[in-house]
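Chain IDs A, B and C follow the sequence of writing; residue 1 opens each chain.
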Amino acid sequence: MAPQYAPSLRSRLPLVAFLLETIFLILFVFFVKIEQQHEQSGRESDSKLFISSYAEFQDVHVMIFMGFGFLATFLVRYGFSGSGFNVLLAAMAIQWAVLINGFLLPQRHHRREIHISMKSVIEAELCAASALVAMGAVHGKTNPVQLLLMALVEVTGFVVTQWILRTLLNADPVYSIMLLHVFGALFGVMVSWVLHREGIKPEHEKEKTDRRTGLFAMFGTLFLWMFWPSFNSALVGDYRRERGLKLTVIYGTYLSLAVSVVMAMSVSMLTSSKGKMNMVHVQSSALSGGVAIGVAMTAVHQPWIAMTIGFCAALLSALGYRYMKNHMLFAFECHDTCGVLSVHAIPGILGWFAHLFLRLASSESTIAVQFAVYHICVLLITACMSLVMGTATVSKFGGTQMKNLWTH
Amino acid sequence: MAPQYAPSLRSRLPLVAFLLETIFLILFVFFVKIEQQHEQSGRESDSKLFISSYAEFQDVHVMIFMGFGFLATFLVRYGFSGSGFNVLLAAMAIQWAVLINGFLLPQRHHRREIHISMKSVIEAELCAASALVAMGAVHGKTNPVQLLLMALVEVTGFVVTQWILRTLLNADPVYSIMLLHVFGALFGVMVSWVLHREGIKPEHEKEKTDRRTGLFAMFGTLFLWMFWPSFNSALVGDYRRERGLKLTVIYGTYLSLAVSVVMAMSVSMLTSSKGKMNMVHVQSSALSGGVAIGVAMTAVHQPWIAMTIGFCAALLSALGYRYMKNHMLFAFECHDTCGVLSVHAIPGILGWFAHLFLRLASSESTIAVQFAVYHICVLLITACMSLVMGTATVSKFGGTQMKNLWTH
Amino acid sequence: MAPQYAPSLRSRLPLVAFLLETIFLILFVFFVKIEQQHEQSGRESDSKLFISSYAEFQDVHVMIFMGFGFLATFLVRYGFSGSGFNVLLAAMAIQWAVLINGFLLPQRHHRREIHISMKSVIEAELCAASALVAMGAVHGKTNPVQLLLMALVEVTGFVVTQWILRTLLNADPVYSIMLLHVFGALFGVMVSWVLHREGIKPEHEKEKTDRRTGLFAMFGTLFLWMFWPSFNSALVGDYRRERGLKLTVIYGTYLSLAVSVVMAMSVSMLTSSKGKMNMVHVQSSALSGGVAIGVAMTAVHQPWIAMTIGFCAALLSALGYRYMKNHMLFAFECHDTCGVLSVHAIPGILGWFAHLFLRLASSESTIAVQFAVYHICVLLITACMSLVMGTATVSKFGGTQMKNLWTH
């Protein structure tokens, strides 16, 4: 099938990528240095910090490029595009996130310099993850140039939101970055909704899946599922007093995911008319436990609380995926290709509620009210920013069909 | 092809999974806490322990979910079931293993509390591995509900066996857990044998393999093969005096596997009528070196001994896989889908012999006799328990065909 | 299609492998021990050394067996052979590299004993990597026995070259081993060239790729791409004073790869007549940034320099892959199946130039001239050795078609 966009577009993507890459390179020349602190201070704890950070960074790295890349291969027609463009977008989003993070959220008092460290690279990868979540909603409905620009706008929006949360509300950096799922999902759905209003009909036959590509998607899912404990704990500091918290986060995420995969399979079979598991359904909802616990993690100290959060997240997410996707389409004319609303937004908000509830249960009443107000503000700001940015993004680019650009 | 079991069964699996998950959750509420020791003691060595344990835990985690899951995809008709149910079974087996391990084999003097730590999670994953080995023998001959219950019974049996070994014979925990391959394989073969007597004919056409799914199985095999050094060394303590042993185990497993993969390929080509490699054959036997060295590892101190064990294990395993599988079927009416007898049981027993021989060679005669008696008792108890539990398991559930439950 | 080589050949590979494995085993009996130093010295830093080395070793291990193995699956007809023989060759090459490295390049003053340590195993894996690069040029043109012998000759040649560089020129071990790409690629191309002159016509239809195996190749590429920072930094010492350098290498490789994947995609689309990405093209050139920075890494201290090297490497490599491969074939009658010349040799030589330039820019004139002479000698010796060894290798073995030996 011939691409429906003009041939000129074919040459636009490489030029845009080339141009952006050159701009990034020039910005790196003037502003970015490699963190040299470890060498100079030579403190004992620094080297341990490095050792454990690098392993966690690799886990997150695998999730971004292998996990998200192959998760999208379940769409037969976009198998290659899914994994290929995923690498392109993620590589550019990470470079941009290093820059924008360094400008807006400088880590220490560096005089107009951005220092690359394990922390800054992990943060950049998490920002890229939020852009990849947003991609999930518009897969198959945009051309690659739009996807690339959308990814960069999404990263910018997410970092600006974090800057607002940290500056205005003095929010915890780890907590604010864990809202990446909510931000990304709402952003993506908003883009998809506005695109839809401009007359693009979802073509259902393009969503068809198949057994072989299904196994590739299983691969992506498993990589995300297995390394999620590292994803959640990567930014929980390695310093002595936070070590217990880091371990608690790891065990909590692990248990939450174990429960959510069981629940996702059960719900998928129960709600299917033939009693069969729908693989895409299971793959999507199995991850919801990790999303939910990620938002609530600093307040979770008991294994059973983590498991209950995973239980509820998978239940809501699996039911949402089954019943909400089509309702969304017909009621609001909003088409969400990978169902990011039920996979990322709903569990994220559930985790937010769990966080609120657990904090309220363990605080005195005056502090509790303060916390509740603060907590609600954080979510509202994140939601508003993502919806506004999502709408603003589309208004600039017209929507045409993204085609499979690969030769095979 | 329509499922041959009653439609009511279709809805049984989600309900059973849902029910079991709820029971696990309630047990976790009352009995399980997260280990907080690291934070309180704050000793220097603890943090290093954590860092290296988490990386090893991740390696084992990858082996269980990625390795075992995709190893089973070589059966074309069970590709999805293989990787899908593997995740379900492993996730439930791990939760159950944390509980049953905590009840029967408490790690320290905790008053009726189970504390989750890296060690307890790694042990739970190894117990799940033993259940997954048992699965290999009955793939394609049981329905999912049976598989799930069988996995939980297998884990219970394995933990009870360990409790007997540790309590009665004062066995080394690491050594007793490494018998997981022998226990799992004998358990699975026994279940398969009893099922067979109840009239289920193996359908040979269901064992057919294909090139594409073959590459997925190669994936699973490689993940198991690459991370096996972590699998064997994960529970060898990280404490100063055992560090040398841990490294020895890592190098030994690495060399043993390198030799066994070469031998598996050679034997596969030599014994084939056309001189071609049979991929499934190679994939199965390549791992035998890791199984054998796992049982013998604490007595192996020279690289060439490790390599010789890998050499013999691959030789026996590859010949066994080629010639024994069909003989088993016709002589004993026992059908072993993935050949777990030659992949896990034979190398495991070979490793046991190597362990015995190496210890006898380096001990005085009085101690040698003592050790031999003890060592033989350990194997006999493990074998008896696995055979008895395997038989008992089936008597409760009738055997019907496991169908491909996935929609695609 | 029936194999064109005599049936006797079918039984030759297992016998050759069996014989070689037995010889290796006997050599291990007499010469190789497991390093026990960590236990004896018990120094604090040793245990940290171990922890970080083992994680890096695993990353390199994954690259060799998963990355290189699946990278070659893009050739439909050699999918299985690619990943299967890759494991066989790599496993034997590693054992041989441990021996030959220990004989020629003893690490400390061990009296005629080779001690296995993390360092020796990582070095052996890097030597195997250089053999796997050479394989890339002759894929589909040799039979497995030839491939196996060629791999062992290549490893020997590479270790001898390193011995010359370290003994005669007193070269830095890390720098000399990083020339593995240049050595492997030139060796492989030379073998391919001599084979060609003996009358073997490349059969273009055997190079055809397909969508499904393409996703497997994407897998291999991504594993190489993701873990390359570990590949480059694995041998950069863990000692206090080099820690800063290790981090610099990690960040540099990471950034260089991020830029090179973007550039590889852009160039692939720009140079294609239809404006589509050629997947094999992208997969090959995306890795060039890692090759180039690997040779230059000890002289790179700024992120933008690393990025510029990645930028140029991908540009040259992608253009070379597109235009040079066919010119090579017609002008020099040299057929290079995986395009190793543009993927490994050109970026390697670019990295060498970058290294020279960066050192000259930061040195005084007298030292600069000395360094330039030394630096040019290193490259010339490496190139000469690889070309001579490559030619010598083929003269002994006649070239016949390598067939797909797998039963499926």
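Everything that follows uses one rule, which is that contacts are C-beta pairs under 8 Å (C-beta built on N, C-alpha and C of every residue); 3 or more make two chains touch, one makes a residue touch a chain.
These numbers were taken from a predicted model, which means no experiment stands behind them.
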Overall pattern in which the protein chains touch one another (line/ring/star/complete/other)
complete
Does the subunit B and subunit C pair touch with the same residues on each side or with different residues, judged by whether over half of the numbers are shared?
different
So how far apart, in whole Å, are subunit B and subunit C when each is placed at the average of its C-alpha atoms?
35
Can you list the subunit A residues in contact with two or more other chains?
48, 51, 55, 212, 219
Flag every residue of subunit C that touches subunit B in the complex, lowest number first.
7, 10-11, 13-15, 17-18, 21, 24-25, 28-29, 32-36, 38-40, 42, 47-48, 50-51, 54-55, 58, 61-62, 65-66, 69-70, 73, 79-80, 83-84, 87-88, 91-92, 94-95, 116, 121, 212-213, 216, 219, 405-408
Under the touch definition given earlier, write down the residues of subunit B that touch subunit C in their complex.
48, 51-52, 55, 59, 209-212, 214-215, 218-219, 222-223, 225-227, 230, 240-241, 243-244, 247-248, 250-252, 254-255, 258-259, 261-263, 265-267, 269-270, 272, 274-279, 282, 286, 301-304, 307-308, 311
